[in-house]
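Common to both upcoming complexes is chain A, partnered first by chain B, then by chain C.
What follows is the complex of A and B.
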């Protein structure tokens, strides 16, 4: 179809509703609004507290997975260290809020800043390392952090587990429902921040770096700077996710922050879709919530131990084989019949 | 006429192999200059030494730039007398080179398949953006303004090459000819003073090569940039270049107008072997 009309641009003639529908930030806001309404709507509709708990974790894992998507999806850097940085964020939040009594905001701030600094250090050391070797280095860092969580009793209470409580925010004592809302707000902010980051000069530089470092350098992209940036932002997200995890669950055990969590976050990104923001959230839902809410309740299969891992494993294979773009690819496929113009059509002028 | 790029006594060796041996040549501003030589002559090595992917063992790579594009390298440059400045590129980081208006293409077309054509072109303007990372992440006014202005410029460049209609299509899956033009567009986005084309005729048929020759002249006329053509394809080099430098085994063979080069004994020997 080379005779098609020129590619449609954002025509001002389109209605306000349609324009809002295509504005990414409006989409994030609507999504966040729905999430914020979920706890109150849910209790009216008989949503179980345990379900809300599971969905809360989906929001938290989504934040960490968005960070990993920046690395893996946009920058082409592999990290197996997400769980270690999440754990560091969780323990820092607990230490500042409960042990030092500095409150929620100091806890979150430390949980974001300190893992970011550690992430930057790892980034500096491992800048010349690529692919599988970078994965190994990040895995080592994560394992060192895990051992530290087990041994550093004054900080983490070791294997006995660190206990915390719901924080008070602006003089308001939060509970499960209000912490869910806090997580939803944090997720929407992170989605917006990620969207802004990947669209524009910054995002193009990350894309170029992934695609070809040689070409990126020739175009003036300072590889060192952007690798460090990607690392810093991903660890900041992981730290934030860790802090929210702690405040939402009110406890943290070292065994939580093991390799399987990092692998699950990778699964979320791959299943959800590399370089897709809503896809990442969908991936977090599929990898974490589907086994919890659906599979475990099935007869016979539900009793298999390690079921979530088997599920993620099979899902990753299927997604890579049939939907390399993850849930984003699935969504595009569903949407295609409703579009006026085929997605692959060329809008070349005559 | 002012010199755009002057290569002086360039030498580099890899292990025991002398890839470039005391090579010198100069390109005038607005000139279409060809660098030719048989396989393994060191053409690509020259290229990589100019763009600083390789650090030469000896020699200088002098580039004439506008003083306001020098940025933090102003001190390293020497005023050239006519309001320009000459800077030795040797030792500068690779990602700083494009800043001065020296930009290259790649033999095997290096574009980002996942980005649209417009975004790929915008990559050529990477160093022009003044908004900080934080400003971009928060979409503050300066970041939005810059993005809008440069996107318009990118569309202009795509329009110049006749592919503006594809601006919002992803680069992946586009035909080879479009990708070659896209790479050209990306270099033009950087407001080049010198464009280095790495075997642009590779993979093109005769009529496409003719189109390319016309395009190269058109770019030079419109954008007032010098062009260094590193090329295998003799038809293209002989038809489009105003001056040619021939090298063999890293050594200078001859320099001159296309006709002179074709007649040159040394060049003929290098290409065809000695005729006795």
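What follows is the complex of A and C.
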């Protein structure tokens, strides 16, 4: 989320091309365009369907991770309920689209709104107490939701799993490739929304809160309000990600929405780097796609079932111990020798 | 009468399990200010080691538990040596996330080391009941309850009356001041991680006969122990123990008289409502923050 700093302070004499290159929204659009081209390009280049599926899940998890990044990066709070809220979003989307026949948009809307309302209730209770309680309370909410998914058969079909089908959008029946594009578009929109949020008035309050809660409170920032906002946004993103997950995979089982998924999303944020938008996507790729695409293909250890867990767990620990800034820190470390001169526009009036 | 006494005795048994796990969490929290989310999974790992030694090496249960103690202490030392004591500069959230990473490491490692087949762990005392005013309690239940209560009481005695306990309490109240006073705080922290590991292992061995030993069998215990700390308050050592027994009793009665499926969930919701009125828990003091 620091990617936009050069754009703001860039000298006005610079060319249009370089300004576009430094504009965060342009970067997001180019990134999204490349992603949208991936399915058609991929089939030409012999990209396997399973690889495309894995990459689609990377996009979906990136959305959930961006929400958590906002929460963790600015308010220093951890939510262990991401998987529960994602699952709630997925089942709501399936229920509204398939059981009630209300279509894609109603499903997505419900999947975003209802988890957010639940999240707000949870947040109001736990954030008033102490920040550390949010992790414990969301862990518990997640367990309650998991139990609900298993027991509430009319809503979720229980452990047998809820089946769905690809939605039709604007009269166009989607398939796997077009759902991938939908996910890419959603991710780009979420990236832009996140960018705008942290660079607006809200973002300033969040930044103030991050550096010192007490000082921010003294300046008149309502800490509870902004923490609650960050948590609500995180649950809204999780709900959206859940709905997209359902439409992309066309089914949902209660066992998917367990604690590991929440932990994995935290790993994506930590490995990707706090407060970094592209870093979060990179983190999602490392945590989800690398075990799927690389580790499983390794000769001897590839068949071991617990390997992805150990991979994410050790990465979390190593990153916190040695690279507190995540992938962004690693990228800066690599880039530093090539960037001798200090940022030119630093002292210039914005 | 037996309709009240029977579930009460049963809940004291689970309460002891929760109390041991919660004691581990609170000791780690007080000495190194880390919210120990991996307490359950570390207990699971050493508990699975006990089951493995029992099922595959054919050792008797008490020897297997001794092996479990060694494994638990080794794990606690390893975690503190390799990770926690190198984290002096990390933020509180960073440390919290580290324990989340530890969960994944232990849950991934357990099936690799001990195999993927679910194992069984027998009770210490296989059979025998005592009749108490119309209610039945197994000998093993009595053993579990007394182990829980005795360990908790023993720990309180050590904390309040011995020099080691004084060192632990000093470290808990201020790590820096304790170091200035010549207390080896590093050793205190190391010991508290090992102690938490052993307590988690005991909780695992006590709960294991009622379930099968799989990587997730300690999840309920972990959630209950965390909530015991929340309910009892993080400021005292005995608060979480009281919280653990209260949680076990409340869950059991709600399951019996309200809903067998949703009893536990209902209890957690009630705790949340309770926290709205007493945010610092039952025995909590107000938390003050300096600028």
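Quick note on the criterion: the second predicted complex is superposed on the first by the 328 of 350 C-alpha atoms of A that agree within 3 Å, B and C clash if a C-alpha of one lies under 4 Å from a C-alpha of the other, contacts with A are read in each partner's own complex, and residues count from 1 in each chain.
Rule of thumb we're sticking to: contacts are C-beta pairs under 8 Å (C-beta built on N, C-alpha and C of every residue); 3 or more make two chains touch, one makes a residue touch a chain.
Keep in mind it's a predicted model, so treat the numbers as computed, not measured.
Peer 1: Looking at the overlay, what does A:275 touch: chain B (first), chain C (second), both, or neither?
Peer 2: First partner only, chain B.
Peer 1: Scan A:312 for contacts with chain B and chain C and give back first, second, both or neither.
Peer 2: Only chain C; A:312 stays clear of chain B.
Peer 1: Regarding the shared-chain residue A:207, is it in contact with chain B (first), chain C (second), both, or neither?
Peer 2: first
Peer 1: Please work out whether A:157 is in contact with chain B alone, chain C alone, both, or neither, and reply first, second, both or neither.
Peer 2: neither
Peer 1: Quick check on the superposed pair: does A:215 touch chain B, chain C, both, or neither? Answer first, second, both or neither.
Peer 2: both
Peer 1: Counting residues of chain A in contact, which comes out ahead: chain B or chain C?
Peer 2: C
Peer 1: Touch check for A:266: first (chain B), second (chain C), both, or neither?
Peer 2: second
Peer 1: Quick check on the superposed pair: does A:197 touch chain B, chain C, both, or neither? Answer first, second, both or neither.
Peer 2: Touch status of A:197: first partner only.
Peer 1: According to the stated criteria, A:229 is in contact with first (chain B), second (chain C), both, or neither; which is it?
Peer 2: Touch partner of A:229: chain B, not chain C.
Peer 1: Take the contacts of chain A with chain B and those with chain C, and give the residues found in both.
Peer 2: 214-215
Peer 1: Can you tell me which positions in chain A touch chain B when the two form their complex?
Peer 2: It is residues 6-7, 9, 193, 196-197, 200-202, 204-205, 207-208, 210-212, 214-223, 229, 275, 344, 346-349 of chain A that touch chain B.
Peer 1: Inside the complex, what are the residues of chain A that reach chain C?
Peer 2: Counting only chain A, the residues touching chain C are 72, 76-78, 80, 125-126, 128-130, 132-133, 135-137, 139-140, 143-144, 147, 151, 214-215, 259-260, 263, 266-267, 270, 304-317, 320-321, 324.
Peer 1: So in the complex, which bits of chain B are touching chain A?
Peer 2: Interface residues on the chain B side: 51, 53, 93-99, 103-104, 106, 110-115, 119, 122-124, 126-127, 129, 131, 133, 136-139, 143, 146-147, 163-169, 173, 186, 190.
Peer 1: Where on chain C is chain A touching in the complex?
Peer 2: Within the complex, chain C touches chain A at residues 35, 37, 83, 86-87, 90-94, 96-98, 100-112, 116, 215, 219, 223, 226-227, 230, 261-262, 265, 268-269, 272-273, 275-276, 279-280, 287, 289, 291.
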